[in-house]
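Letters A, B, C, D, E and F mark the chains as written, and numbering starts fresh at 1 in each.
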Amino acid sequence: MPIVKVDLFKGKTRDQKREIAEALTDAMVEKAGSSRAAVWVVFNDVEKEDWAFGGELGVDKFPDK
Amino acid sequence: MPIVKVDLFKGKTRDQKREIAEALTDAMVEKAGSSRAAVWVVFNDVEKEDWAFGGELGVDKFPDK
Amino acid sequence: MPIVKVDLFKGKTRDQKREIAEALTDAMVEKAGSSRAAVWVVFNDVEKEDWAFGGELGVDKFPDK
Amino acid sequence: MPIVKVDLFKGKTRDQKREIAEALTDAMVEKAGSSRAAVWVVFNDVEKEDWAFGGELGVDKFPDK
Amino acid sequence: MPIVKVDLFKGKTRDQKREIAEALTDAMVEKAGSSRAAVWVVFNDVEKEDWAFGGELGVDKFPDK
Amino acid sequence: MPIVKVDLFKGKTRDQKREIAEALTDAMVEKAGSSRAAVWVVFNDVEKEDWAFGGELGVDKFPDK
């Protein structure tokens, strides 16, 4: 039943998403008692220019090297 | 006044979105008594690799044929 | 698979929510081709002081009579 | 940097939330490489009458015993 | 047209919300060129036990004095 | 601590986002008493075909000239 929505910077590979989704689901099953099939995880890939911290865009604060 | 946010798998055509938005709006007008102009519908197209069910990514669970 | 999140003013009865949820689900099944069981609707009841239109709180713009 | 938003049925105790938040944070640190301090988890407690599955409210589908 | 959703700790007074909503709306009008009437601000009051930072609930990290 | 999520039509430049993020952050610092570093702003760029007003898609209601 739970919905777990994750906003994170763009750039994770599909394999990383597999692992993250599985670990988040495990967390909900083990700690919240959720039925496994009922856990939905949705990723929202956010561009660095679409996230600001203290008024500064991620693209400025964390520039690609 | 209501905001209706819809997360769904990417791939709907513009025409489908037209029909879905209209039907969701009708539902709010008829059943919630909303004023038509005040109903906002926002679609969030989600990639199959960004949605997990029971810890399994949509791209694995529902592969394209 | 779709998630339909509805922000609306607090005050709907349970019966109204039953009807709204059913109508929104019908819309997704008929127009988006969703499998009925896979449609989740989540209501978010918003207080009139927690929603502003053009910078004016709902509690000021739409006062209870 | 990641935001993890969790919609779940109301009724978890504070201790359960402590454990869930910690496990979700662990998951993001270990699998997404997030810095621990940068992981924010936000719970959204949802009433059973505010969540519908297949058009049926949680309060009808999963009545309290 | 923009929707500005604000998650913040519970406890703001109605007057504070009036001022916050107005200032956020001003920001969108002045910097994003939004039409004033089209700016919607929605507040989501979050309990301290419903927000975790680095895996620690707000109620533990920022206890009331 | 606050999270400010902004849904707006796609098409803002990076410079506009810089200014909007800064102005929204200022608003939270000045009116909500937030600590500057703790204000996160996340933009969600929405395509005109993904937003409906009164049941009509933005792409139809506000066509590009």
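We adopt the following convention: a contact is a pair of C-beta atoms (placed from the backbone, for glycine too) under 8 Å apart; a residue touches a chain by one contact, two chains touch by 3 or more.
All of these numbers come straight from a predicted model, not from anything done at the bench.
S.K.: Quick one: which chains contact chain B and chain D both?
M.R.: A, C, E, F
S.K.: On C-alpha atoms only, rotate chain C onto chain F and read off the angle in steps of 5 degrees.
M.R.: The best-fit rotation has an angle of 180 degrees.
S.K.: Between chain A and chain C, what distance separates the C-alpha centroids? Give it in angstrom.
M.R.: Chain A and chain C have C-alpha centres separated by 25 Å.
S.K.: How big is the gap, in whole Å, between where the Cα atoms of chain D centre and where those of chain E centre?
M.R.: About 20 Å, centre to centre.
S.K.: Where in chain E do residues touch two or more other chains at once?
M.R.: Within chain E, the residues that touch at least two other chains are 3, 7, 22, 24, 26, 40, 42, 44, 51, 53.
S.K.: Building nodes from the protein chains and edges from chain pairs that touch, which of line, ring, star, complete or other describes the result?
M.R.: Basically it's none of the tidy shapes, so other.
S.K.: Which chain pairs here would you call touching?
M.R.: Pairs of chains that touch one another: A-B, A-C, A-D, A-F, B-C, B-E, B-F, C-D, C-E, D-E, D-F, E-F.
S.K.: Tell me, which parts of chain A touch chain C in their complex?
M.R.: Touching chain C from chain A are residues 3, 40, 42.
S.K.: Within the complex, which stretch of chain C touches chain E?
M.R.: So the residues of chain C touching chain E come out as 7, 44, 46, 49-57, 59-60.
S.K.: In their complex, what parts of chain E are in touch with chain C?
M.R.: Touching chain C: residues 14, 17-18, 21-22, 24-26, 36-45 of chain E.
S.K.: Using the touch definition from the top, list the residues of chain A that touch chain D in their complex.
M.R.: Against chain D, the touching part of chain A is residues 1-9, 12, 16, 19-20, 22-24, 26-28, 30-32, 34, 51, 53, 58.
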